[in-house]
Structures are given as structure tokens and as C-alpha cells.
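What follows are several structures.
Below, subunit A partners subunit B and then partners subunit C, in two separate complexes.
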Partner chain A sequence: MTTDALRATRAARERLVWLAGLALGVLVLPWHNSVPSGASPFIPSALGLAADGRGWLWPLVLVLPLLVWTGMRDAAGRVFLTLAVGGFVLLVAQGFAVGLRGPSIDWMAGVFPASMQGQTGFGWGGFVSGAALLGLIAHALALRGFCRGDRFAGSAIVFIVALLGLFVFFPILKLALAAFVGPDGELAFAPFLARLFAPEIWRLDCLTGGRRCGVVINSLVLGLLAATICTTLGLALALIVSRTSFRFKQTLRALSILPIITPPFVVGVAIIVLFGRTGLITVWGAELFDIRPTRWVYGLTGILMAQVLAFTPITFLVLLGTVEAVNPTLEEASQTLGAGPVKTFFKITWPLLRPGIAAAFLLAFIESLADFGNPIVLGGGYEVLSTRIFFAVVGARYDLGNAATLAMILLSLTLIAFWLQQRWLGKKSYVTVTGKSDAGLASTLPFGLRGVAWAAVIPFVLFTLGVYAVVLIGGFVHDIGRWDLTPTFAHLRTAFAFEIGAEGLEFYGSAWNSMQTTLLVSAIAAPLTTLVGIMTAWLVARQDFAGKNAFEFGTMLSFAIPGTVVGVSYVAAFNVPPVDITGTAAILVICFVFRNMPVGMRAGLAAFAQIDRSMEEASQTMGAGGAATLRRVVLPLVKPAVFTALVYSFVTAMTAVSAVIFLVSARHNMATAYIMGRVEAGEYALAITYSTVLMIVMIVCIVLIQLLVGARKLGRRREFQGQTTPAE
Partner chain B sequence: MRKSTIISATLAGFISAPVVASANELVLYCSVQEEWCRLMAESFQRETGINVLMTRRSSGETFAQLKAEEGQPRGDVWWGGTGDPHLQAAEEGLTAEYQSPMLAELQDWAVSQAEASGFRTVGIYAGALGYGFNTDLVADPAPGCWADLLDERFRDDIQVANPNSSGTAYTLLATLVQIMGEDEAFEFLGQLDENISQYTQSGAAPIRNAATGETAIGIVFMHDAVAQAVQGAPITAVAPCEGTGYEIGSMSLVKDGPNPDNARAFYDWALSPAAQALGAEANSFQVPSNRNAPVPPESPSLDQITLIDYDFATFGSSDTRQRLLSRWDDEIGARR
Partner chain C sequence: MTDEIAIEFAEVTKRYGTAVAVDNISFSIAKGEMVTFLGPSGCGKTTSLRLIAGLELPTTGVVRIAGRDVSQRAASERNVGMVFQSYALFPHMNVLENVAYGPVIRGEAKATARARAHEILEQIGLAGLSARLPSELSGGQQQRVAVARAIVQQPDVLLFDEPLSNVDAKLRRKVRGEIRDLQKRFGLTAVYVTHDQEEALAVSDRIVVMQAGRIAQIGSPRDLYERPASPFVADFIGDANLISGQVSGGRFRAADLDLPMQGNEGAAQISLRPERIALSPGSGSPSGKVLSCTYLGSRWEYEIETGFAELLASRPMTEPPIAPGTDVSLTIPDNAPIRVA
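Moving on to the complex of A and B:
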């Protein structure tokens, strides 16, 4: 009985906190991010503005005393929940009803003349009130039995759903709407159809001898070619590593991480330096065959080269897993029954590899579609969806409707590929034959096949080495573009010069601004991403609630959306009130958190699958709530997942470009956007220098994260292993 | 306590730092070469202690950005870039009127630029349009006229920027229209398109590509071609024989920008002889607008070039600009 009383007191205290938050948000804090034109309230809070003639804020203000009153009487009742939900709906509705330049609904102007002056976006007051109302909704739901009454899990679900709604679904919806907006701002179907079936999107001229194909055709051709080459090379590498006596397996695995921490554009630049018209290889080849050097690398060829270099490691890692999962006993059985190595490979190994190959192919295809950095550097006149979208938003031909239509096409293509890939991955269980003994030796690769594999891999490895050699020396020589190899630190000085003057440390290097923002944004985004991701995984793995499948699907959707689409959708959604946050650092952080959160979630789900529920149940039986259990029992057990999520989100935040390129501003510029500007202006050396510095910073940070997260856990493990090893 | 983690996470997610400028800042939109932009920002910062947040974008892109930010502007000064988009911004009320005390020291063409816009913009430098070719790649006879660019030997070997994004390329469009007449100019551009390998985003990118040999000819302002030659590239600058147009690089104050006082301080400083002398240091050889500023010896002398009587008022107006650009999109851009 005392526990029940304790629980009731805790609930009452929690309700008080949320109500106090709502009071603060509605009565005290400034409601808007800047005082709207024409308003001169005593206090710029919702109350002050409502009293100043902005009457559409009154209902929202009045919800507060009603909530307090019903909360004291019957917080578990239906009225309290309805009020909380109603308050939240009112908050959202008033934000959309009156825009920056006036009301969006006609009758508003008649009822509230002040609405003609418009209102600015939400400020602290609006956001705090929104959070408090969500807290109250979750509170009321939990009291009514949602999530078996676990208030912590209930609030977590409500908040994550609200955040996903605001930062994933709302922008996509807004983007879809923008595709239907005509030239005069009216909503219509005709302009959408005109944009959708424009010849520059679909035409097939290049197949019939014309000059250029439509942009969708270009994207598809590129994606299919890149996926085919990457999968072939990835398979060759995987077979060599796992099925031959190749010695440098660990080196190869370590090197496959390199493209993941390579900032965008720098590979493209290195390819131009090597294969451009005055590039080392082109000139050498032209002299050898006595022909005039050409711009052969610009266009499909160049983009393909860069993408193969970037995505082959990914297909390699996927296929290595598949190849190693093939149970060698099957191959042994085949050979015992008299089949030769070639027959065994094609009759046994190959069919078992097929699902993995399909998964790798689709993954490379998706990556190629979403790629922005390589086409923009190496594309020449070869336009793909991501670059066309970029120029429709950032260029002088600003046309959000067109960008939105193209973005929806890109999104559909990606979702189809993603759906196919998920289906293939779903069948993965039939590849990994487990349960029985895995004893037996994997058969080595047939001789002829080994030759083919090596023939594919050797040029690829040479190419990769060449590209990274250019990256390595390019930043520290005078002008790599003209092969002037005089060593110099001039580029490093241009980017990162600083002086210790009278007023302390002064940064004069041109890259400091973007470097500081990048580090700050990544450092904030990484732990938040991890937190949201692991929390979501915990909810999916350990809680039962209505709509769980939809919840899981929603979180995965944000991962499938290409970065360019996310960027455009954020521009469409957050450039205007009520949530007017473009040009801030917050939008960069938010963008990263919701793009990368599914990775943390996947890592978390895998970890939770290994941990027995009974430990958490024990914790809860002992009286700990959901939060205490999560913090004291679950989190220490999923440290590897925390590490994966932290490293992934940090590295992605440092190297991502396709989404942030739309969101940077003079105040908050990101390293990748800065590098892109340098590449465009032809300052290759500076771009390479900056990229090298970024890669070093990333490696240092990964080591730091490992020290921070992994130390205690790994220490204990080593002791444990130390005790068991002698027993073997 | 129990909810502290999720509450803090949520609040952090909700953070919307209000766009309030701290006292000592200046947001500079810069549309000349990055190197010059950096030097200007750094020098102003050293002299005044005002922290300069600088973005470099082509003049067409900056114009689009100002238009997108109309109502809640985030920039203070737009410095550099061809005059036409500055005039258009003035016409559309995106920029603020300001008569600097430095106006008295300026060349006539800079003052007339200010007068034409109702003092919403001002000339800061001038330079003639032309092209540069890579001497390693272009054999004799050397090209010397606009018409030479149609030669078959330059097939796929010429670059110029896209006039939608670049003021340089728009100046080419307007110049050809003024020399040949509109229909003839588009016919010329259509033929030239056969020789164009790529329409770049930034105006000076073609000459950088010509300098490294990625293309044979880049159509740019002559001072950009000279800058490459000064840095040792095998580039020869050409003043076309038919006559050519020129730009008046301009500067405007963004209307209702967040730091108006610092913006005016930068504006006055940027018109001073000392600030204008910085261009040559950054390998930019335009003719400065302050009469007392030294003209770099490398600058292509405007007296020795056949200059047309460029009609800035007509070709800087919104109507003409939009009409020419959409015609370019339909007849040239659509072929790509």
C-alpha cells in the first residue's frame, strides 16, 4: 500500500512539473522568436500578446487553468486527456492559421484584425508549451493504462513520435505539397503533371543518338552501372579475403573503412588530378598512343570511377559477411560426393551467395542515387537527380516546385530499392545455416575463378592507392592541379592560420569558422542521435504498445530518405513560421539526429536481442521504474551499440553534404559545404588540405570516443577472458 | 530526476536559437574571388575588431538568396559581383539606400552606378569582358574575336558560366545582344553551344580550368584571365576585336540587415583607397573605383580596349534580365 501511495505522490509531482512548464511557456517566456511587426505587448508571452489584440492566442492561454483544475480533481479522467490533446492541437493550429504576412484562413482577418500583421515563428514560449503539453498527454495516457502504466516509456513514445512527426513527416508532407504549387502560389494538379512529365526528366535521346537523356534516366543508368561494378568487385574482394591464402586480410579490412571517413569531393578532385585532361594518367596515355588528351573523365565515366571507389568497401563488407556465413560442411559434402571445386562453387556456394549479392547490389544502387558530391565535381554536363535538385533550390533558377517534384521522384526510386533490399535481407536466414556444427574447412576458390577475382581486384587496389596518394600529398605541395610538387604549408596556413595577439587567440584562417561549427554540431548531434536511437530500440524491443509496427516503420523511413530530399524538405518546411529555424545551428543538429538515429536504433536492437529480459524484469520487481532500469541495467549492457551509434553519427555529421548543403548559412557554415565551394572555385589544394585535416580530426575523435565509452566495459571483459583462457 | 534525460533531449531537439546578432558582427555576402573575399574580411576584422562572417557565392546565387530571405534578412552587406544583379536587387527593394561620404572620391562610372539605382548600390571596381586561352592547347592562329570562338577546332573545348548563376555570363549575354542584336546574339550562342563543354556555376571557373588545361578557352572577365597568367599559367587574355562589354562591380547594403551600423562601417571602409588596394594583393586586377586607389600595373587598361556603350539601366532591369535569361533557358539551356 505504501508503494501505491508513493506512486501517486510521484505522479502528482510529475504533473506539477509539466503544468509549471506550461505556465512558464504561456505566461512568461516570449512566444515568438522575434516580436511580430505591429505588436507592442507588455510581456511578449502568449498572455501578453493575447491581451494586446492577438485574440487567437486566448483559447490556448485558457487551457492552462482548465488543466490545473481538472488535474487536481481527476488526472486519470477522460476530460484531462482531452484538454491536453486539445491544447496541443490549438497550439499547432494557431501557428499555421496566422503566417508571417497575415492569416492563411480568410475569416481570421475578420475576427482578429491584428492577424493581418502576421506573426513570426515559435520562440521559447511556443516550444516549451508544446513540450509541456506533450508531457501532459503522455502523463494522462500512462495514468489510463498506456504502456502498462509506465509513465517513462509512455512519455518516451509520445515525445519520439512528436519529434519524428515534426522533423521527418511534416517536412516530407510540406515537400509533397510544394510539388503541387503553381507559379502564382495556388495549389493545382496541372503544374505538378507538367513538372512530372517534363521531357528533361524522362527523354531517351541519348539512346537514339541525341545529345542527352533525361535526368531520371541518367540517375538510373548511373545507379545500375555503379551497383553492378561495386557488387562484382566487392564479391571478388570478399572471395579473395575469405577463400584464398591472401596474407593482408586485416589490412584490407582496415582500409575498407577509409572511404567512410573520407570527406566528399576530395576523391573527385583526386580523380581529376589523375585522369583529367591534363591529368597524369591521361597525358601519359595520350603520349603512349599519340592522341590528343580529352575530357573523357567528365560525365558518366568519372562519376562511376568515384562511386566505385566509395561504395565497393560497403558491398565488400556486406558480401564478406555472406561468404563467411556459408556453412563449409555443405561444400565438403559436395566434394566428398565427387564434385570438383568448380562444380561445387557453382552448384553450392553461388546459390547460397545470391541473396547477399542482391542485398549488396541494392545497397550500392541506393547509395549511388543519393550521391551528390561526386556528380557535382565530375558530372560535367551529365546531370543526375541530386544535382538537378540542388541547382533548383540553391542556384539562381530558384524553383521549389520543380525541386520538390524531382525530390519526390528520387524518394520513390529510393523507397522501391529500399523495400526490395529489405525483402532480400529478410530472407537472409536461409543463407546462414546455423545450429549444426560449423566444423570443416571452406573450400578454396577454383583456380580459374581466382584469376578472374585477382584481375578485377588488382586495378581497383592500384586505383584506390593512386587516389589516396594524391589526397595525401596534394595538401602539402604548391599546386597538385598543375603537378607543381614543391612542398609547402601555404594551404594549411590559408585554412588554419591563427595568431596569439593582444586580445588572446585570434583565428584568421578561412576554415576556422566552418571547422568550429562542424565540430560543435557533430559533438552535439552524436550523443543526441545515440540517445534517441537507443531509446527507440529499447521501446521497440522491450515495450508493447498500440501502433508499434507503424512506429518502427516510421523510424526506418527517415533513414531511407536521400539527403538531398531531406535538405529540400527542410527548406520547404522550416523557412517560414511556425517552426522557423533555418539559418540556425539547431537545424543542422536536428537534421543529423533524425537522419542517423535509425543506425543507433539498429545497433541497439541487435544488442537488445542478446540480452535476456529477465535482468530488466528483476530490476523492475525490485521497484525501479523504467528510467532507472534503462540507466542502471540496460545502458551498461549495450555499450558496444552505444559506441557504434556514437562513432557512426559523429563521422556522418562530419562528412555528410547532401542535406546540409541546403541548411548552411554565413553564420553556421559546415566543413563539407566550405570544401565544395573551394572545389567549385578550382582551389583543389585547399580542399585537399582541409579534407586531410578533417580525416585526422575524425580518427582522433573516434579514439577519444572509444576511450570514453569503452574503457570500463572492455577492462572487465579482458579480466574475464584472462580467467577463462588458461582453462582452454 | 527520472525524466531528466528525455526532457533535456527533447529541449535540445526543440532548441530554436532566435536569430539575434551579437553586437560586434558583420554578415558579408561576397561575390568576387574567394581569395579576395578572405583578404577583405580578414583586413576589416583586423582594423575594426568586428567579427566578419563571410559567405562567397556567385552574384546570381546571392541575388536569389536575398530574395529568399526577403522579410527576414540574415546578411548585412553584399560586396562585389557584377552590377546587373545589384541593380535588380535595388529595383526590387531588397537593398537599402545609403550615400557614403566616400562618394566624392569615386570615379564617374561608380557614381553613375549609384545614381542609376537611387543610391542603393555603388561601383567598387570595373573590368572588361573577354576570354583567355591556354597557349599550350591553342595552336596558331590565335583567336582574337568573338567570331573566332565558333571555329571547329574548339569543338567541346570552350567553357563559360551559366548566365542564370553567374553575372559574368550574363554580361556576355547582354554584351552580345548589344553588339549583334537579340536574335543574332542567340543564333551566335546556339552555334557557340556546339563548342561549349560545360556551363559552370561560378563565373571565373572556366579560366581556372583553362589554366590547368582542362579546357582550351574560358570566357571570363579579362582581369581573371590576367590573374591566371600572373600566377604562371600559360594563359593569354584576349580583348575581342568586335568590341566588348564591361562590368561595374558593385556593393549594396542589405535592407533591414541585422547589423546596420557595422554594415555602413564596412561600406565606407570598402570604398577607401587602402581597402581597394587589397585587390591586387589577392591577384584580382580590376580597376578600382576610388580615384586615389592605385591601379595595379597588370590591370587590362580600359583605354586600350574597344568598349561598347554598355546600357546598364536597360540590361540591369528585372524585365530585360528575366526575358533574356528565360530565352537562354529555352534556346540554349534546354539543349543540355
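Moving on to the complex of A and C:
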């Protein structure tokens, strides 16, 4: 077939698919997720409902024949595009125009009396039609030259933008609005101001000897302290690893992923076991000094301990990168100019490290602010933003307005830190890594500094070992809380008992349910997250389109939003029509996909920077569209990035808590929520057992993913990438 | 060569933001012709080539391939073959798979696609390397695989972006000869981008000289060398002495230079090729003084100071050299100067 004919048939076939989808969505599939009360259509599709007196659906239904008609004549024309855009706008507009209890626009009640009965959220019909209209918009745009005429890339952009809009920005917008909703449900400034300046947020009493400070102050104090300690420890570790003759570098690097696969709460529980009122260390210390053991660890101290343990590995990895990027020749130059090692360190090395240190600090700060698991276990009376938000939504005093206000504050703080971090990172890249050479040997750490570094690191290492020892044995002894160390499998049995009976395999354990959901949701979310992340990276790296910078910024932004904020924003956005999907398993998957997608994106961006773009262009000139190019050329070359993204998104989905805790339901409970319940009930051993099992499952899954993706086969390809030069 | 038009640009402009990479250019290329885009770095050659390939779409204007408007058409939906500067072979496919990629993508059965790829590889003399990965080939072999991959589909046009920039300086002459042979043998329409004027002169039927996003001149290599239309073209193609003066009464005058010249009266500029200036020691008109004399193996190159310009002259090595500091008289044939402005 000639290229021309091939092109015409392919384009026509794609158009047909979208139009058929739209027809299906509008004419056949149920438009809503349940038939609105008072409606009795002959078929619950948009057509049926429109015929049943819900006239506001007619314009949307009529778009279909118009699109078919113009599509057959001139799909590249302006009319077709306008119709597709118009159809989509109509779809969104009708969704918001009539809520569950009636129209949100006054004149609608007069024109369409049926709108008084309200309408339910989108069902399959609504979603399929929306997708089809987006597909048609992208199709029309590509025929008009968008994305250099590549219909696949065009659709990818349109869909990703729409999904980000729906699942990242729309919820945040709803959340921001919720902050302004007064007790009587009216939008107003006054309630927002009242909440914003409430004393329990900003109070400084703790400084003046009074009792407690406001939550924002608490969060900031915690964040700054945690960031300071983590950065110091991370730097000490990084210096020891790269600037002394330390031999276990690889081991330490490997171990630094431990906190990532450690489920939340378990560290907190271990700290309670060690330092709580009846904890081993507390009791021992009390005997030593002959004082009464107290609950000293609950509050700022305990949260700090847990966060230091959890976030130091992150700062360590960032700072190790920075330290290793310092060009040894600079230090050698300084030494040949007569500066001693100490002077060289402070005059040369230190200034080069500073941007990396700032970046690590801000990263730890952001993590600390967003942390939910540790404050809730160890906080005692020390409330921080994330826990307060949680209790405002989940607790007895349900107050979405207040939760929204607090969430906006938390979001603002994080975004400021994120923005600062981006600035520092931007600078870092041109300060340190210029002409990195392997030639020079890095100078060793001055003797005094080495002592300081070890002094900081040793207690941290002991502490970490203690905590993980508790985690390791806690699940398999009688009662770790009371130091009854009789070995037992009782907890494992409680959680994961099963039997092969007459009915086949039967699961009795109380944890099976949440375990299944967790595995299923994570297994669905991980490949989707990877797909969206890598696709987004590909679009950013390889396509030119209007609004690309905003697009990139938006995706990165979604990474900076703390999980707690995401959780409440989903509650605010998806509890009500037009998109009411809370309580489903889908919302869990969606939540993970859009929270973790930036990691896949970063991995992808790094990979694409290594690969000469002309290979994809070659594929295109040989007749491959975006999809074929992606599948046959791009993905095989970015396998390591795919692996990273898969593993990361899987593991985070397994261990995430801050956002999903708002979204779990009795039917779809997640492992972390289950563990949190056990911790609250004081069943520490069960919590630890479950966590241990989770960690083992994750490790097994990581190995499986590795085998599946075959990351190691790429050795030979790497060297090839080096020899291709970027086109002029 | 037929007179059928293979490629046509009609008032094509490509902007990146506010920067104009290609500025309102129009030209057409006949079927079976080999045309070179020549110009200094950044003048828009690659962009023009990519506009043909569909890797960029024009901001305004129309691109036609084989008579069809393809302005808004994606690269994958045009029938072009392209040889990239970096060759862009797929590192995870062997030579045969690389060459068969296009036919497979365009929907041919795997067996036929492979057979076709094999045939092309045989014609290019690479059949023995089918099973190798690109990383196991030499630079020259990679380049030939890239060419095989680009022509296996019988493209409407074959595009080359500086294909010799990764080839050993010594091999360049040979490889460019091979490319030209191939183009003729398969009767391909080809567009070739280079910044090297010698390369352009050697391989092209016609050359499009570009300057700052615009076309400075289009013509055969001989046209461009012997009848440059502007000082830029004269200077860019070969060496040229550009001399400003006045035309009046059918004569061009600048200081003691006085040559016959037709055309408009008034200020004018001429181009004078170095090899058209004969030198003899002694005084005369026009006169000059040798500043330097350089031995270049095949010829002598002189810098001469005159009353109207500092001239470059080149003389065959069979003539005896003239020492620096010597006064000389210049002899310029009447047909040597070309009026360029």
C-alpha cells in the first residue's frame, strides 16, 4: 500500500474508533453511576435520559451526529475540532451544572424542571464519552499539525493533561474552595479567615513557658529540627563513605533503601518498645539513675527519632552524590597551592557542598512536614498539621472546612520549600560537576572532622540496629512490648492463618483481606504509574508543544503535594458528583498513580537525556508513529528507568499511608491502614508481624520485577549510547 | 533525470518562538536530482532538511512531496529516507533487523521484509554483516547500514544531514563518491546537507546556498563558482577577492584598477578568484607589493597589497616564487571579475 493510502486508512480507522466510543458512551452505556431518582428512561444512557425530560443532555447527544458528519468530510478542518472541544466542554458543564440535589445554576430549574431532582455522578457512559471526546480533540489537533502531526503523541498529551487536571489540580481546587465554605454551606471569606488565624494554629505558648504551641509552629519546629539532624547525619555518613578508607560503601548504599521498604508505623512501634514507659531502654535508664520511668518519648522527641531514622538515608544519598561530584582536581590544586587539608576542606570542599546540603535539608524538611505515620504513633499530645488534618476529616469532629484550611497551609509550606529546593538544585548543577574526572583521588577527610563524623554516626547506627532488631524479632516472640521473648508463631497465625480444607484453600487470618487488596492495588498501580511517568517524561523530553513548561511544572508540582493534602483533596473532590468514586478500589489506584508518577518521570527524563533523539526520528521517518516508536525503540533502551519506576511505584503503593488512609473503606482496606488499627489497639506484635511479612513480600516482588524486566541484560548497550553524538 | 518535481517549498517559514530558523524560502527539486543545502553553521540547513522529513512542520508555507501537500503531515506518514549525522542505528537490533524495520513497520510480512532488507544489504555489499549488532561495526560500515536502512523503502526522497562529519577525514572523498554513485544507481532524489563547500561542489547536481535562514543562490556547482550572485556566495564558495569601486562609462574603477564592466553605473563590487590574477615582478598598472608567499604544495599563495584591497593570489607551483617585499604588476583577464553587487 502506498504511504498515502496507508495514512488515510490509519487516520480514518482511528477516527472511527473514537467516534464509535462516543456513540457507545452517549447512546448505550449508562450515563450515570446509578439512575438518578425520579428518572425512568427507556435506556439509562445520555440519549435515554435526554428523552426522559433531562433536556440539558440534548446538546451533548447532538454533538455526536455533527461530529460524524464533519468527520467524514473534513476531519482536519476547524469545524471538527471546534465540535469536539465543544462536546467536551458541554460534558464537563452538564456534570457540574446539576448536582446531586438539583441545579447549581438558578435558571436551569426553570428551563428543565427535571433538574430539580438532581443527578448522580458520571458512570461508564460519561467516562467513555469524555475519553472519546478527548481522543477526537487530539486527533483533530494532530491533523492540524500539533506535535508535528503525530497523533499518538498528541493524544498522549491531551490525555495526560486531562488526567492531571482531574486527579491533581481539580481536587486541590476543590480543597481550596472547601476552605472558604462556612458552616451553612455558603462560600465566604470570614470563615476562612477565622480558621486561618485560629490560635490553635499559630499559638506560641510553648516558647513563653505556656503549654502548647499551635500546629503550624509544631510542624515547623519538627521539620527544622528533623532536617537539621538528618542533614548533619547524612553529611557525616557521606563523608565517611567517600572520604575515608571505609570498606562497606556498597553495603551502606544497599541498606539505605531499607527505610523505603519499611512500612509506616513499624519504626514508631519499635521506638515505643525500646523507649516507651515500659521500654527496655527507659526501664534500664530509670534503674540506672533511680528515677520513675515516664512516657518521655511521646511527643517531639519520639517523632524526631523516628524521622531521623527514616529520612537520614535520603539525605545521605543526596549528599553522597554531591560529595562524589566534587572534582578532586580542585582539591589537589588547592593543596599544591599550599593549603593544608583543613583549609582545603573549608575553603574548597565546603563551599562546593553547600548547595547539595541545602537541597538535602529542604528535602528532609518536606518529608518531615508530610510525614503522617510517625506523628500519629509517637505524637502523644504533640499535634502536627498532618495529624490534625486527619482528625478533622476522620475523627468525631468532622470539619472539612478546617481540614481544607490546614491542608492549604501545609501545601503552601511544602511548595515554598520545594521551590527553594529547585532553585538550589538548579545552581548545584553548574557549581560542582564541571569536567568531573576519575583521574584525581579524592582527598581524605581531615582528622578532626573524621572524629566528629564518626561521633555523629555511631549512635545513629546503633539506634538503627536496635530498631531493626526489634522489627526482626518482634513478630516472632510472645510479647515484645513486655519483653517476653518466648518464640512463637501465634501472631503470624492470627494474621495469616490458612487451611487447605474441603473447599480448597481457605484463609482465616485477619490480615488476608487487606493484604489481597494491597497486593492487587499495588500490582495494578505500579505498571500504570510507570506507564504514565515514562510517557510524561517522553513527552517532555521529545515533543515540542505549546504550554510544555507549564506541563512539566505541573507534573513536578504533583510530587510536592503532601500525601495528607492529597487525601483530603480527594475526599473534598470525589465524594460528590460529577465524579464520585470514593469507596472504590479505583480511587486507590488513581491516587497512587498520580502521586508516584513523578518518580517514573524523573527516571525517564534521566534515561532520555542519555539517548540520542535521532534514533526515534529515524524510526519515525521509517514510518513508525509515536506508539510503535515508543514500543520498539524507546522502551527497550530505557529498561533501567522502567525498572526503577516499577519498583518504586510498587513499593510506595505497598507502604503508603498518608493519602490512602483517607480513601480506604471497609471493602477496600489497605495493609497500612490495617496496621495502623493494630497499633492504635496496642497490638504491637501483630503490627510488627504484618510489617515483616510486607517487607518480605516486597523484596520478593522486587526480585520478580527485576527478572521480568531483565535490567541486567543492558550492559552492552550502554557503551553504544556513548558513541552516538547528538545531532547538530 | 526527469523534469517531474519531487519536492517543492512554497514560502516556507519555520520559527522557534521568536527566532526564525528558516525565513520564507521557496525552491523545487526535480526527481532524480541530488541537491545540496550549503551554508555556514546555524543558517537553517538542518531545519530545512527536517522540514522535508516532517520532523519539523512549517510555521507558515507549504511543503510538497511528489505533488502532495504534506505540510501538516507527520514524518511517519511521508515516504522519506533519512541518514542521520550520528547514523541513529538501533543498538538493540542487528543489521538485518535495522534494515527490515521500515518494511515491518509499514505492515509487510516479516519474511518479505527480511528478504528485502537482505537484498539491499547485498547490493550495498554488507550481506555478510547481517547478524552483527551496530556496536560491532566500524564507522564506515555503520554509515552504509544507515544508508541501506534509508533506501530499503524506495523513498520519495533520501535525506542526508552532514553524513561525513563522523567519517575519517581520509575516507571522506571515497564515501561521498559512494553516496553519489548509489544515488545515481538507484535513481534517487536526494537532499544533502553540508557546510563544506568542496563536498557540496563534488556531489551535487545543484546547490542551494543558504544564509541566515534565507536562500542566497541556487545553481549548479559551476554556476555558483563562476557566477556568484552575491558577495556572500562568492566568498563562501571557493576563495574570492571582493573589491569595491565605481562603474562608469563601461569601466569598473578602484584606485589604479581599471577593468571593462557592463551594467548599472555607480557603486559596485566585484569578485576576483585568486587563480585569475597573474603576477610579474616590476612596476605597472595595477600595481602591488608582495606581503607574503606561502608554499602549498600544488601552488604558491600570495598576499598582495594594492591601492584598492589586500588581494589573495595563487599561482601554479611551476612558476618561480616571488619574494615578499617585491613590487609586482598584476594582470587580470577581462572576463575574470564577476560583478556581485
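As a working rule, the second predicted complex is superposed on the first by the 701 of 728 C-alpha atoms of A that agree within 3 Å, B and C clash if a C-alpha of one lies under 4 Å from a C-alpha of the other, contacts with A are read in each partner's own complex, and residues count from 1 in each chain.
The definition used in the following text is that a residue touches a chain if its C-beta (ideal position, glycine included) is under 8 Å from a C-beta of that chain, and two chains touch if they have at least 3 such contacts.
Everything numeric here is computed off the predicted structure, so don't read it as measured data.
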In the overlaid three-chain picture, which partner chain does A:143 touch, first (subunit B) or second (subunit C), both, or neither? second
Which of the two, subunit B or subunit C, is in touch with more residues of subunit A? B
Figure out whether A:628 sits in contact with subunit B (first) or subunit C (second), or with both, or with neither. both
Looking at the overlay, does A:343 come into contact with subunit B only (first), subunit C only (second), both, or neither? neither
Does the superposition put A:6 against subunit B (first), subunit C (second), both, or neither? second
Does the superposition put A:528 against subunit B (first), subunit C (second), both, or neither? first
Look at A:131 in the shared chain and tell me whether it touches subunit B only, subunit C only, both, or neither; answer first, second, both or neither. first
Looking at A:383, would you say it contacts subunit B, subunit C, both, or neither? Reply first, second, both or neither. first
Which partner chains sit in contact with A:581 here, subunit B, subunit C, both or neither? Use first/second/both/neither. first
Kindly classify A:612 by the partners it touches after superposition: subunit B alone (first), subunit C alone (second), both, or neither? second
Under the contact definition given at the top, report the residues of subunit A touching subunit B in one complex and subunit C in the other. 625, 628
For the complex, give me every residue of subunit C touching subunit A. 41, 46, 53-57, 68, 71-82, 84-92, 101-102, 105-107, 133-135, 149-150, 153, 159, 161-162, 166
In the complex, subunit B residues that touch subunit A: 2-3, 5-7, 9-20, 27-29, 33-34, 38, 42, 45, 49, 53-56, 58, 60-61, 63-64, 67-68, 71-72, 74-75, 156, 162, 164-165, 197-202, 204-205, 208-209, 211-215, 233, 329, 334-336
Please output the residues of subunit A touching subunit C within their complex, sorted ascending. 1-4, 6-7, 76, 142-145, 148-151, 612, 614-615, 617-625, 628-629, 632-633, 636-637, 716-717, 719-721, 723-728
Complex contact set, residues of subunit A against subunit B: 14, 17, 33-34, 100-101, 120-124, 127-128, 130-131, 134-135, 152, 155-156, 159, 163, 167, 200, 211-212, 272, 276-278, 293, 295, 298, 380-381, 383, 391, 394-398, 481-482, 494, 503, 508, 510, 513, 524, 528, 531-532, 535, 575, 579-581, 583-586, 589-590, 593, 625, 627-628, 631, 665-667, 669, 677-678, 680-683
